[in-house]
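What follows is a single structure, and I will ask about it in a moment.
Order as written gives the chain letters A, B, C and D; numbering starts at 1 within each chain.
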Amino acid sequence: MILVIRPDATLEQIDHVIERVRDLGYTPHVSRGESRTIIGVIGDEAKPGTENFSAIPGVEQVLRIMKPFKLASREFHKSDSSVYVGKVKIGGGSLAMIAGPCAIEGYEVLDTIAKYVKAGGANILRGGAFKPRTSPYAFQGMGEDGLKILRDVGDKYDMPVVTEVMDPRQVDLVCRYADMLQIGARNMQNFDLLKECGKAMKPVLLKRGMSATVKDLLMSAEYVLSEGNKDVVLCERGVRSFEDSTRNMLDMSAVPNVKGQSHLPIIVDPSHATGRPDLIPSMCRASVAAGSDGIHVEVHNCPEKALSDGPQALLPHQFLDLMGDLRRLAVALGREFWAPPEK
Amino acid sequence: MILVIRPDATLEQIDHVIERVRDLGYTPHVSRGESRTIIGVIGDEAKPGTENFSAIPGVEQVLRIMKPFKLASREFHKSDSSVYVGKVKIGGGSLAMIAGPCAIEGYEVLDTIAKYVKAGGANILRGGAFKPRTSPYAFQGMGEDGLKILRDVGDKYDMPVVTEVMDPRQVDLVCRYADMLQIGARNMQNFDLLKECGKAMKPVLLKRGMSATVKDLLMSAEYVLSEGNKDVVLCERGVRSFEDSTRNMLDMSAVPNVKGQSHLPIIVDPSHATGRPDLIPSMCRASVAAGSDGIHVEVHNCPEKALSDGPQALLPHQFLDLMGDLRRLAVALGREFWAPPEK
Amino acid sequence: MILVIRPDATLEQIDHVIERVRDLGYTPHVSRGESRTIIGVIGDEAKPGTENFSAIPGVEQVLRIMKPFKLASREFHKSDSSVYVGKVKIGGGSLAMIAGPCAIEGYEVLDTIAKYVKAGGANILRGGAFKPRTSPYAFQGMGEDGLKILRDVGDKYDMPVVTEVMDPRQVDLVCRYADMLQIGARNMQNFDLLKECGKAMKPVLLKRGMSATVKDLLMSAEYVLSEGNKDVVLCERGVRSFEDSTRNMLDMSAVPNVKGQSHLPIIVDPSHATGRPDLIPSMCRASVAAGSDGIHVEVHNCPEKALSDGPQALLPHQFLDLMGDLRRLAVALGREFWAPPEK
Amino acid sequence: MILVIRPDATLEQIDHVIERVRDLGYTPHVSRGESRTIIGVIGDEAKPGTENFSAIPGVEQVLRIMKPFKLASREFHKSDSSVYVGKVKIGGGSLAMIAGPCAIEGYEVLDTIAKYVKAGGANILRGGAFKPRTSPYAFQGMGEDGLKILRDVGDKYDMPVVTEVMDPRQVDLVCRYADMLQIGARNMQNFDLLKECGKAMKPVLLKRGMSATVKDLLMSAEYVLSEGNKDVVLCERGVRSFEDSTRNMLDMSAVPNVKGQSHLPIIVDPSHATGRPDLIPSMCRASVAAGSDGIHVEVHNCPEKALSDGPQALLPHQFLDLMGDLRRLAVALGREFWAPPEK
């Protein structure tokens, strides 16, 4: 860490800054330039208390050198991590295709959709039983009944299942039915939920918040990792922007950006990122080409009657076409979608 | 609601759209223009299912006419609401000054700060016992011990107290000690927490999320209101932007913008919005001039030793000066900070 | 266009709105719903004056149905356009690779870089002679001397050349040397420059502004097209966002988004979008997979001595590796980089 | 400037970095921490070439300490500058009220509006003769005929006049008629226009670009100042954001933020910032309370027939009411709107 001293700071103030640096257990390293004095602060930047250096009178700027996360960082764990969801491997060249409806609406609808996505080559089934809805008057999900349906349909088609958990009180319940816990974008900084999922024995799919930087996303992963759960998969799903013709703005560069800083797998969700079925296939292709470890996409056999987010769902035949394209593309890039061993 | 039909839609598709409109209990009103057919959808727009109109084949755009919130809207409640926190009235010309440290750090520190802010004219004391921190390694708050201190110090200085609640499981506990529940920016769309606070018998201070529109903020208020809790105070605290010299961007126009659409009181928090003590006083003045129902500001007697957010705290003497300015300004604008009746 | 009337509008106001609609040459189509009256405005939305409908007393909202651009729209020109820069075809399955240094710094440097990018398979050479620099104290470009060098080096390697024009007064000069005029992001709404380039007989490379929506970009293209120049290639180069680890945020979905609305070719510039050589190769791959008609990338043989934007340049060997990857990917996707016919 | 070296940099790389620092005329100051080596670069940071430090192999980060502008900085000029537009003083406690229609539409309309705004206490008249319009099909302004009308009406009511200049070729012409040159938001980084206005002998009103940081704005002011023109007034007019209920987001904190870093006067334009007459009066009040040196507001006597931006104009009676409020507020804050000496 480096402290830049104001040009008008008094000697007394500078002495006080140096004293505070020493008090907090760091070694100060003073250097006087033409227009500014700077103080190098040598020691572990992640310790509590360092954020206050900028509150010391005479300090103009605090420049951080180190990343604020550890367990999530590539410096801590050099090689790519991979995460198993049931038998399905995510990361290390093995691609996940997580597909299904936005919400679980009943056995029959989910069964129909699962049959299609399984046929297309999806390897993990998704569906929401607890739904974060902007309006209190919108469908809020089927709850435990939905979880049971998800489990049954997943078992029928031999697919592990992922579903969102919104409330720390739901974690135990969801763990009984699901193979992977999804933390939604709106909860990326719901720290009590992160901690509770960090204690669970299930892999976590952590979605990027709508105004979260890549660093914020990795700090939230750090919350889960620091509770002992090593199985975290990140998900880019678009951020808020001024562009009003898409639901969010898909930050495609987050894929290599995360991979440079972290060993964790990262997948992309073009459904929520764009909100537009006409843009989803090309964004899936781009995600695979960008180096993503998988895709998360919503599929519905009758979007106009879906209970949640119908307008952004792909139709089954669109999903089948897309998977054909993606498999060819993956091969050209030396990777492949995980598939069960043929019998 | 208005459905714009694609220019290349078939007659069969248009008939199907009309049928779906009727199925959902609305009356369709078809009108053919030079280049587009449009269908007016007459009925209550807030009903579930309307979001799916855009998923019907042949529909190009769905234009909404009505606001999606009701209880929070000015159409529902014409006159300004005011909210009582203990004896303190917020709204209807009566200004709140909510002041105190970011986090409760111990009895003595809080006692010192409370003495100063009371002397300056603050009418509600704030302090966090549960802290949402970006890093899992940062100070996470004193928990119930902190709540006890807050209650004691509030009582000593005859000030009602507000503190953040982060987890639905904490609501009962926090209600035992606090006069007002704060829902932080990161939890503005933590819908389970909103519902739990909606069931509590305490007023709620709901902060705007970092990427929330004014409409999103009012929808979150609607969650609290729809559970039966009518005492909601909104808080503008800055949103994420590309400007990197302030912590967030204070959206000052949100004050009159909210007041045009909603009867709920709204206050401004320049501490989190700017993150810079040099900008806080002028932003407080501007907030009062913009028509805000109060101010939320962080004060610390020794920012360089604060356990959370020290760099953005005002010093006690800065707070005293600021309050002098604000009182004069309020008078010039025909309003006043709430103060206990003189004995 | 649809006018939504305020619920408290008087009959007199509504009559006045209807009269104004007729005055401007449109046919009003009134429809009364449960809570709002709406007036359909039938006629050409692009006519001047329609923006003022929202200023008529009693009008609450104006909802536009039509796109505000015509010549750039896919409704006007159904099939994909392609643009020739010298012999090089951009669009219609033919990919451009525009490569070269940020600024022209002298004959030798450009000659060296051009040799490398030609060897890698670049088909258009770029280099700036007039540089838009944030600081007045930074290198501003070599001007006409630079243009001469660009022309000479382009001819030596048989590559057409593109260079930026910043000022309407430079258009004639730049046309004497360059095969394509680049309008930079900062000038995307420099309307006098757009008009001047619209009168020139050279194809135009129009970069998206840092806070421009896709619609804004197409409106700026409309300025060039409406002056008679049909050869416009669009370029996504990232927009401003809160993410501070990349220079800008690459809006990859702009590629299919533009292609849905417009017939014009669109390429991607990952150099300016990310500002980071470690992210450029994967973003180039993603761009090709997303359906882009080409790539614009900066290459320098000695970035640490470059006179402009060195830190974001690829090294020659990185460029060679990248082109190998991109060619394989293009083949897998049924497209190819334009190359001169072998002799 | 400080260079942070990568943890895996070789000694050879570090030596090369040190050599490059010396080559560029700086003194390196090396310091080895626990996890990183850092190199202080002592000397003038604003010199060309320093941006390339981050392109030297082994350099991880470049941290800048100094501001990149000089003439615009408060370090260069400690006390507040004031700027005279004709007789009207802007800055130093003297407030400007710049009012008038968006576009000059003819003598009669401008005469009517000028009479009203003069009566209300406006001290500078505005009106556009060259209009930057998003659409090529919209009214583009009256050109020189408009300038003549503006001059005549300004003289009639004894008000200096300001008008936008969009093209470097127009600067001489506009200087013949106007007392102040406005550079619009879309041209804030039209560097040739900035230079041309820097050579003119007229004060400049420089509007903040829609995606410009405060630093970017001051760098653009530096362009004008560095050509010799010392009379620059800055204008905050809102930036692009995700909030879709206002035209832009008014960054009110830019006022004290600029004042902390620069001696230049800054005013606020709530008309373009919000685009909504219902929000303009409270934002004008807030601007004055925030410490702005003036206000820029659009007024029209018949917004529904205005040729440009009618929907955001205040009506004359709204302007009169607003000025009454603002004068009272200014008095309470110890400032006043400039007014001609009474005879």
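Worth a mention:
In this text, a contact is a pair of C-beta atoms (placed from the backbone, for glycine too) under 8 Å apart; a residue touches a chain by one contact, two chains touch by 3 or more.
Just so you know, these numbers come straight off a predicted model, no measurement behind them.
With centres defined by CA atoms alone, the chain at the far end from subunit C is B.
Should one ask which of C-D and B-C has more C-beta pairs in contact, the pair is C-D.
Mean C-alpha position of subunit B lies 31 Å from that of subunit D. If you average the CA atoms of subunit C and of subunit D, the two centres end up 26 Å from each other. The geometric centre of subunit B is 39 Å away from that of subunit C, both derived from CA atoms. Chain contacts: subunit D has residues 211, 239-242, 244 touching two or more partner chains. For subunit B in complex with subunit C, the touching residues are 2, 4, 7, 29, 31, 33-36, 38, 40, 42-44, 61, 63, 65-66, 75, 240-242, 244.
Taken together, the subunit A residues at the contact with subunit B in this complex read 20, 46-48, 51-57, 68-69, 132-139, 166-169, 186-187, 189-193, 195, 209-211, 216, 219, 222-223, 226, 239-240, 303-307, 309-311, 313. Across the complex, subunit B meets subunit D through its residues 211, 213-215, 239, 241-246, 249-257, 260, 270, 273-274, 278-279, 282-283, 285-291, 328-329, 331-333.
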